[in-house]
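Have a look at this one before I ask anything.
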Amino acid sequence: MKQAAIGTRKCAKASLEETPWEVCMGDDFIVETRSLTKEFKGFVAVSDVNLKVRRHTIHALIGPNGAGKTTCFNLVTKFLTPTRGQILFNGRDITKAAPAAIARQGMVRSFQISAVFGHLTVLENVRVALQRVQGNSFHFWRSDSCLASLNERADELVEAVGITEYRDIPAGELSYGRKRALEIATTLALDPEMLLLDEPMAGMGTEDVKRTAELIRRVAANRTILMVEHNLSVVADLSDTITVLKLGHILAEGSYKDVSSNPEVVEAYMGAGHGEAGHG
Amino acid sequence: MITKRLLLGAAALALSAGAAQAQYSDNKVKIGVLTDLSGTYSDLAGSGSVEAAKMAVEDFGGKLNGIAIEVVSADHQNKADIASSVARKWYENEGVDAIFDLVTTAAAVAVREVSREKGKIDINSGAASTVLTNAQCSPTGFHWTYDTYALAVGTGNAVVKQGGDSWFFLTADYAFGHDLQAQTERVVKASGGKVLGAVKHPFPNADFSSFLLQAQSSGAKIIGLANAGSDTINAIKQAKEFGITQGGQKLAGMLVFLSDVHSLGLETAQGMQMTTGYYWDMDDSSRAFAKKFGERMKGKMPTMVQAGVYSSVMHYLKAAAAAKTDDGVKVADEMRKLPINDFFAKNGKLRADGRMVHDMFLVEVKKPSESKGPWDYYKVLRTIPGDEAYKPLAESACPALMKK
Amino acid sequence: MMTIFGIPAQALFGQLLLGLINGAFYAMLSLGLALIFGLLNIINFSHGALYMMGAFVAWLLLTVLGAGYWTALVVAPLLVAVFGMIIERTMLCRLYKLDHLYGLLLTFGLALVIEGVFRQLYGISGMPYAVPKELAGGWNLGFMYLPIYRAWVVMASMVLCLGSWLLIEKTKLGAYLRAATENATLVQAFGINVPVMITLTYGFGVALAAIAGVLAAPIYSVNPLMGSNLIIVVFAVVVIGGMGSILGAIVTGFLLGLVEGLTKVFYPEAASTVIFVVMAIVLLIKPAGLFGKRS
Amino acid sequence: MSSTPTSSGSVSPQKILVLALIVLGLIAPFGIYPIFLMKGLCFALFAAAFNLLLGYVGLLSFGHAMFFGFSAYVTAHGAKEWGLTPELAVLAGVATAVVLGAFTGWLAIRRSGIYFAMVTLAFSQMMYFVAVQAPFTHGEDGIQGVPRGHLFGLIDLNSTLNMYYFVFALFVGALLIIHRIIHSPFGQVLKAIRDNEPRAISLGYEVERYKLLAFTLSAGLAGLAGSVKALVFQLASLADVHWHASGEVVLMTLLGGVGTVFGPTVGAFLVVAIQNYFSEVGSWVTIIQGVIFVFCVLLFRSGMVGVLTPWLKRRGIRG
């Protein structure tokens, strides 16, 4: 955890001008956004959001439909460019960094629609992630048998998510839940410091939800997780901190208990959420 | 029954005897017409050329010393690679003895390479460049109908003599255009005219207005069009639109075919002067050919290229009959010996560099009021004797001649 | 004579005006492409062929039925639009759920077929189409002789482009159209028949191409290949402008016509390549195009 | 734009098939007209190079003719004007294509999807105009009478059979290179990018660089095809830089089967055969090609090989 050490040091320094007392009370934030704003053609999706994700916690981003969760999420992972504001990762300003660069620094995201490489086998899927670190990804003249040395580690990861029996099957043929499992295995292959999960439970049956929740908890042991999730019971079960967004603003932040008792949050969910709870 | 069998046997005997005497490969003479059947030049050559070749074979009698004559045709799409591969296939696999028409210089040169290598005959009617009788000449290759030199001499001279002594060129920006411009410049200067400028336009080009504007502001009396096909047509149309011809400047189309005039219409094309190797309405023999051609081609009159194909096929067959063989080198020698005298060429002769020298004609496009009927388009102003029209043999850069 | 950068002012203004005329065609075609792309997510490769069809239908109306230019200007685009809508209903509509590249490939194939059929039927040397009597002749502007017909082309295309822009940006119909590009299911929920709207939009885009074809017929000869070379240049125009806005497509079209005109004055050899060079520069500086959204 | 899975397990039947095809290739010139075969092989190689990009990276380039045609020019010029030996002339052609590919790719890869196709098409059209105007290409006439020369100064390529085996060897070699690229660590990443580009990014891959390398490799191989074609036909002409050539290679790949190993070869030979067969009937070639395009896109998206392979597999023969 070399980066973490650097991060801590820089954190204090980088945060001096904003809200110094909060940071320097000993809190260690791995991700921090400052006045993050995103406008689309005359409409503000995310407005002036200051989000802080504490290291080694599970942090959930919730809110009614159209609250800007996904936009916010895509901003942090650099798949969208903010109109204004700053994003810090381990104290480093990554506002202008490329999405692939963020991943190499240890912040890896998942996708709402399960993101696997459909024509590659399960093992190959995981190996693609391991391969990058090996540094031979541009070697077009070598046989891919040189990747066999990664198989052991890949098998471990495949086993960890419980899909060993599908090891040699093209990922596109897996069931939905197993695709998500594979996705997590692939993500873990990078050994990221921080995981960003975009609705990990979307479209899952109760069985899969339980299994995945267990998996996330296990994975979170020495990592930080920021996730967008609709399933409130999962959020309640897993999260250390919850940020509630509404119309692009932060409405409330805190533990599930704090947040769920906040009348504004209740009203937001009741007001905007009727008929749409559970999707979108 | 018996008589029939006897007859058949006799025929077979006669055939084999003929074949023993005269050497015709595969016992037939096969003529290939390789042309542009679908592209820019399909109207001036194309299916009309194929039909002309068939007419020549029919008029010859369909048989040569008792041996069948066959005509095949293909579209080279103006692409050198297709032309070369069809020629190779024809010579190597299908027993073709000679290839005709070959419009577009690129295709012509490609076929010339193959023909020279294989010792087969190619007779070019459609392509313009003098390269075919110079750097690319061949002992078995001939250039029949016209070339850039003859066009430049005919039109360039005549125009300067009539007072068109300052020129501006619109030149198609590729080898053919450059060649045509250079040849014409030489003639214009030699006749005492001067060249004020030139602009190269992309090939092919749809909009000539800006180039015409440059030509207009140059103040030249003559705007020389060193291009062909749809480029020439567009340039002429647009010159009229921009009031260039009304403004006193004149156009000189360096390579304009009857089919181009037809598509332009007399209203637009009137007054333009050009050089041609054949016009259908010259005398009885040319009219007779044109009439037969028209009957087979929905009333279209032949262009000089199509008439040239007929003439060259006929001459080839005569030579092959006289030489009693279809061996390329021997037939070529025979072709040079035989005189050419038909509706197309009076007292034509084939030179050592492959050039068929014959008279050319300077013509002017009639006014609509002068035209008496469909396809009545040209007035013949002058006959240019062959020796004046074509580059003298002494100046030819044909490698075979240089060696001697 | 007054000169600018050593070029007679006369030539310069003349060429700029001509550039504007070329730009008019670029604008009409790229506008049609942008409209179709907006709703169908298909780059209509057959746009050039349909432009050619417009010109040919006008020519056929004249030679077969004796219908004049003004009739053709209305009838030809309608006929071509119907043809386009049939293609959309029978073929394109099967591809919406697939990768957008299939649309490009299909329309490319269609372009080959249309072009080939017209070549087969009418040869290639081009059919003459006279300038209508009302618009014959020209004005001497002092610095150049402007054929009335060309002035009409610029006017007509500007009016058409502006009209289309107003229709899309300022009317309710246009609002539905824009909404459907963003979220088709939502618009469907409002009771609007999206498939019909898609078909009509395709028809409209195609009609624009056909109108351009009719306008072009008296300038260039009517010939089966007139569209295929133009369309590639228009593609470059579209890449430069980006497909983000209707106005962008129009402005870029006219602008690049002018750029081309200028090049013809200063360095005519580059006239055919200048638009592609501009495209390369735009890709370097602003990959999404001058008016494009980042995607 | 993807199709069949590529990493199949069992190897030996496939090897047998490959060996059979090689033997077929070796004896083919004794039964079939060699020039036709060589033309087919050149286009098959061109299509295979194109397929490397479309089938394994998911990039549709509509401008591959610029590499094919321009290398042909350089090879022809080198062999004719500089007197290069055939292998050096081909090398010069390939090098040109690689440089051109790296440069245009660097620009084109800034846009994706349909835009990428349009940008490559536009650049290719630009190169077409350059070829029309540049003096060394001899414009409309092309470079003709290119000497085939002696390979390594020893083997006379003017012999049709020698030339054929030279072409065949290059073809097999190039297919092996393509096979290796696909089955390399790099190839793994390419397939990942094709399947799910955002995910590849999120794993830390700078996909642009991979696409650029793939584009450059594909351009180089397309250039090899063009260079060889220039030697076979002893000419280089505008036809090979024209956008029609770009369209043809797309058609070959689509018809044979995108993302299949043998598809492009099958497609190339079919299209070349159509051209040969219908060359007498003018614009019908264009119409037929257009109809095939429409047919493939609407009903036959996995192509000949893509359709046949599962059929053969069901009968226990693995392709």
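A, B, C and D are the chain letters, set down in written order, and residue numbers restart from 1 in every chain.
Here is the rule we use: a residue touches a chain if its C-beta (ideal position, glycine included) is under 8 Å from a C-beta of that chain, and two chains touch if they have at least 3 such contacts.
Since the model is a prediction, treat every value here as computed from it, not as a measurement.
Most remote chain with respect to subunit C, judged by CA-atom centres, is A.
Spacing of subunit B relative to subunit C, judged by their CA centroids, is 38 angstrom. Per-chain Cα centroids separate subunit B from subunit D by 37 Å.
Taking each chain's centre as the average of its CA atoms, subunit A and subunit C sit 46 Å apart.
The set of subunit C residues touching two or more other chains comprises 119-120, 269, 272. In subunit B, the residues that reach two or more other chains under the touch definition are 38, 42, 173, 200, 202.
Multi-chain contact residues, meaning those touching two or more other chains, occur in subunit D at positions 129, 132-133, 282-283, 285-286. Annotation, chain-chain contacts: A-D, B-C, B-D, C-D (touch as defined at the top).
Partner subunit A is touched in their complex by these residues of subunit D: 2, 5-7, 9, 180-181, 183-189, 191-192, 194-196, 198-207, 209-210, 213, 217. Residues of subunit D touching subunit C in their complex: 1, 60, 62, 107-108, 110-111, 113-115, 117-119, 121-123, 125-126, 129-130, 132-133, 243, 247, 250, 254, 282-287, 289-294, 296-298, 301.
The touching residues of subunit B, when paired with subunit D in their complex, are 37-38, 42, 72-77, 79-82, 84-86, 88-89, 92-93, 104-106, 109-110, 113, 129, 131, 136, 173-176, 200, 202-203. Only residues 38-40, 42-44, 46, 173, 199-202, 204, 206-207, 209-211, 213-214, 216-217, 229-230, 233-234, 237-238, 241-243, 247, 259-260, 263-265, 268 of subunit B touch subunit C when the two sit together in their complex. Across the interface of their complex, subunit B is touched by residues 33, 35-36, 39, 129, 132-133, 138-142, 144-145, 229, 233-235, 237-240, 275-276, 279-283, 285-286 of subunit D.
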